[in-house]
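Structure first, commentary second.
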Amino acid sequence: MERLLIFVETKGDRPRKVSMELLSEGQKLRTQGYAVEALVMGKASEALKQEVLPCVDRLVSLTDAVLQSYTAEGYALALANHVRSINPKLILAGATQIGRDFLPRVAVMLGAGIASDATEIRWKEDPVKIIRPVHGGRALSQVSFLNYPAIITTRPNSFPLEAQAGTPGEYVEKDAAMSVEDVKAKVVKVEEVTKGKVDVTEADVIVTGGRGMKGPENFVMLEELAALLGGVVGATRSVVDAKWRDQQDQVGKSGKTVSPKLYIAVGLSGAIHHIMGMDTSKVIVAINKDEKANIFNYADYGIVGDLFEVVPAMTQDIKKRLGK
Amino acid sequence: MNIVVLAKQVPDPEAFVEIRGDGTGLEIEPKFATNLFDEFALEEALRIREKHGGKVKVVTLGGGKATEVLRTGIAMGADEALLLDDPAFFDGDGYATALALSRAIKKDPFDIVLCGKQATDDDRGEIGPMVAQFLNLPHVGGITKLEIADGKATAESPVEGNKAVVEVPLPAVFTTAKGLNEARVPLITGVMKAMKMQIPKATPSELGLSQEELGKAGSKVRIERYLPPKKRAGVRLITGDAAEAAAEAVRILVDETRVI
Amino acid sequence: MADEKLDAVIVGGGLAGLAAAYRLAEAGKQVLLLERGDTPGSKNVTGGRIYVEPLRALLPSIVDDAPFERHVVKEMITVLDEESSVHLEYSQDAWRKQPHMSYTVLRARFDQWFSEKVAEKGGFVIPNRRVDDLLWEDGRVAGVKAAGEEIGAHIVIAADGALSFVAEKAGLREPLKPVNYALAIKEVHKLDEKSIEERFGLDAGEGAANLFVGAVTKGMFGGGFLYTNRDTLSLGIVVGIDALMRKRPQIEAYRLMDDFKARPDVARWIRGGELKEYAAHIISEAGISGISRLYTAGMLVAGDAAGFALNMGITVRGMEFAIASGVIAADVAVEALNKGDVSKEFLAEYERRLRASFVLRDMETFRHSKEVLENPRLFTVYPKFLSSLFKVLFTVSGTPRKGLYKSARAVAKEYILNWEGMKDFWSLRKL
């Protein structure tokens, strides 16, 4: 019976979306001869237990003062010790800023291979094949591990969310028995910068505005459209450099990489540096007045027109269709 | 204050990348540059030296024109450079590369290691945390601010939309993110000094590394082949004036692709 | 660095600058070349076709291993009028054998290689640096300023091309006047080697040059060119800026290029090719009267910056002048450095040697070329005469034909056997 361990990252008291994607993957594997376990740092909330237990055979929560706030050393040591105790074949975690920060340390501790930012895992093949984008997504590399255990971090929004109720697993709380000396880093404070705003890397729908928006005030229409679709507003570097939008929202090579269900590109030309950050989006709609704009080479659907007419029209139509 | 900067040579962001017919490798246009995030690492190192004194050493593992990364570093003001260009080092995964680099760092005493969050060719983002683990040191990933004071460092890094402020004792490792600083343009006099400089090298044996620990042999992950990114079918341009096109677009998104 | 000076700083990484840097480095001098482009050659545009004979003596190793494109074995001239064209082809067996007389050249490839040669000799070539100003010391040029950084040097060589303002800054030249310059537009089309050789009737490695005159420039002074490179074709037009500005009705320069490319005589060469690059650049065409003052204390001016270019409309010569003047400037600089005397008096030697070399001698012989070649009739009347002549000779229609001589005479009378024709013919003697 091969064993799989899924690291659950939390946001507030609930699992992050990418962790749910992995749990949904794990649930499918429970029916194909894998024993699936999950691990969460700190005491699991009731809400978390309700969402995680149906997908796994066992959920372990490591309770230790050192793990209260995230440090790379603390999380890495705790996870590595847990892996040594249950000896899983594969460890899965989201390729979030936290995931990508501490999992490589775990790989060194265990002498294990790690495939970062994977967008596809072919479980049935032996050895397991992992697909991950390289060169800003201009090519995909197919990798496999020389031995196990091994680690895979997965790019958010790359795996489907198919919640099926499975027989709920057991919940165990364990003390990680870590001493303060194990962690040299000290978290001074964590400031809420974006009040509950979903990060572009996690949003299902992104409406990105480029220089075509002409000014910061015009982004209101994109905020309205995005809110309507439960999405967020992205930015190109030009609008970030012009101080119209925040660096956190910048999509692209020197910004963030996103692959939402729907990416609406408004008034942006689609320079290669921007495309690199969003071309794995499922559906791309581009609105640009210049039919030769490069974005049209990467979009599924394109409207050649003035965004100041098209966007408000789209917002009205959506309101009508969704009865909002 | 001895500061070590890890800098990698990567293809220029605009270089043409194609997959070789049989998928076994990539054909990349030979236009190179220093990895964008590593320039921030070097700039931060120089600023720390300007404030606290000490020496900045740039380390690069790579062959061919990789020395250009080191010469750029010297031209920007770094004091020393170290090249690991023995072919045995090449084609290693994150583990093997980080092991070699950590040994190179340990050659001389150091207080701070600065490297990029990610190299834009392999997009792994692994070497920084791995080097920290090999050296048994704390690290802070993706920093956008760094203050050094009496043996300790305070770093800011965005974590899932929040801003974490972390304090670590030195020595420690930091990986840089955009927004930390803007790299300076090397002075002409610096470039000339760099062009004349002899670049010291380190061989695997000097780093106490056996063949099994190096490159492909020392790797835990094997790259089997390369695949083209999922090609998108051509764009379907929605015709009509603004109102008609908008309505049709919404119809497609709701009824056809069902993404809203 | 300001106090200990470099031996020489060269402004501009084109042919003149690289030749001067190579020569100075070869003589063991500490030389720094600053080029504003990303790489030497990235900002340079040429047709282009270089005649190597005059350079073989000056830079033997460079000429022998230079990565030129193809050696030219076939000269073609096409005289166009609105709807017809006359095509002349000339080739010579001697051109097929070593040492070849002329080669086609792509500056991105050649200049990059040349800059590596300079570095091999110990010269410093630094791209991405734009020289903004000169440094002065008691009335003498003593270095340059680039983005606020001061680089002291005993001697500066201005090789910053046709738009050079460094020569202007040193008071050696007045600001540019449109009448002295031509606009050149150029495209590079990719076509595989085999197709080029088949299409132009060439053996492997051989090249052809096709020059176009007449309706190409709609009566304005200038012409068109097409050169075969290894696996690309260079295609372009040259037209006087002043003529372009005075032309009525006004015509956009790119429209000239589009019409030129659409002509069957041009389209036939580039059919199936893929447009890879387009560029524009200016060419100095004032000839010898447009040459700047060539030296002052601490500074020499070489290449296009000095105005060393001969625009004959259908062909432009500048590369040999750039390389030669770069080498001669370097030689004089080495002597000045060895003597420790960079005074104006000593550097006058530069102009003396240029006068003795083909550079100024050729420019002297073609002193009137612009004046003669500017005659609009050359681009309208004479092409029409040629095409009418051939039309008459080759047309066989229903009506009984006049004798060949008679018909030719009639055409000649209509177009050239008149006072204007005589004047034009008489003016040709100045060429």
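All chains are identified by letter, namely A, B and C, in their written order; residue positions are counted from 1 within each chain.
Convention: a residue touches a chain if its C-beta (ideal position, glycine included) is under 8 Å from a C-beta of that chain, and two chains touch if they have at least 3 such contacts.
Keep in mind that this is a model prediction, so the values were computed, not measured.
If you sketch which chains touch which, the chains link end to end in a single open path, with no loop closing it. Among the remaining chains, C is positioned farthest from chain A, on the basis of C-alpha centroids.
Chain centres here are Cα averages; for chain B and chain C they lie 44 Å apart. For this pair, chain A with chain C, the centres built from the Cα atoms lie 57 Å apart. Centroids built from CA atoms put chain B at 21 Å from chain A. With touch defined as above, chain C holds no residue shared between interfaces to two or more other chains. The touching residues of chain A, counted against chain B in their complex, run 11, 16, 69-73, 76, 96-98, 100-105, 107-109, 111-117, 129, 131-147, 150, 183-194, 197-199, 205, 229, 247-248, 253-255, 261-262, 272-273, 276, 279-280, 282-286, 291, 296-306, 309-311, 313-314, 316-318, 321-322. Within the complex formed with chain C, the residues of chain B that make contact are 185, 187-189, 191-192, 195.
Residues 11, 13-14, 17, 19, 26, 28, 36, 93-95, 98, 120-130, 132-134, 137-142, 154, 157-169, 172, 178-179, 219-230, 232-233, 235-238, 241-243, 245-247, 249-250, 252-254, 257, 259-260 of chain B are the ones that touch chain A when the two sit in their complex.
Taken together, the chain C residues at the contact with chain B in this complex read 1, 32, 34, 119, 124, 126, 128-129, 146-147, 149, 151.
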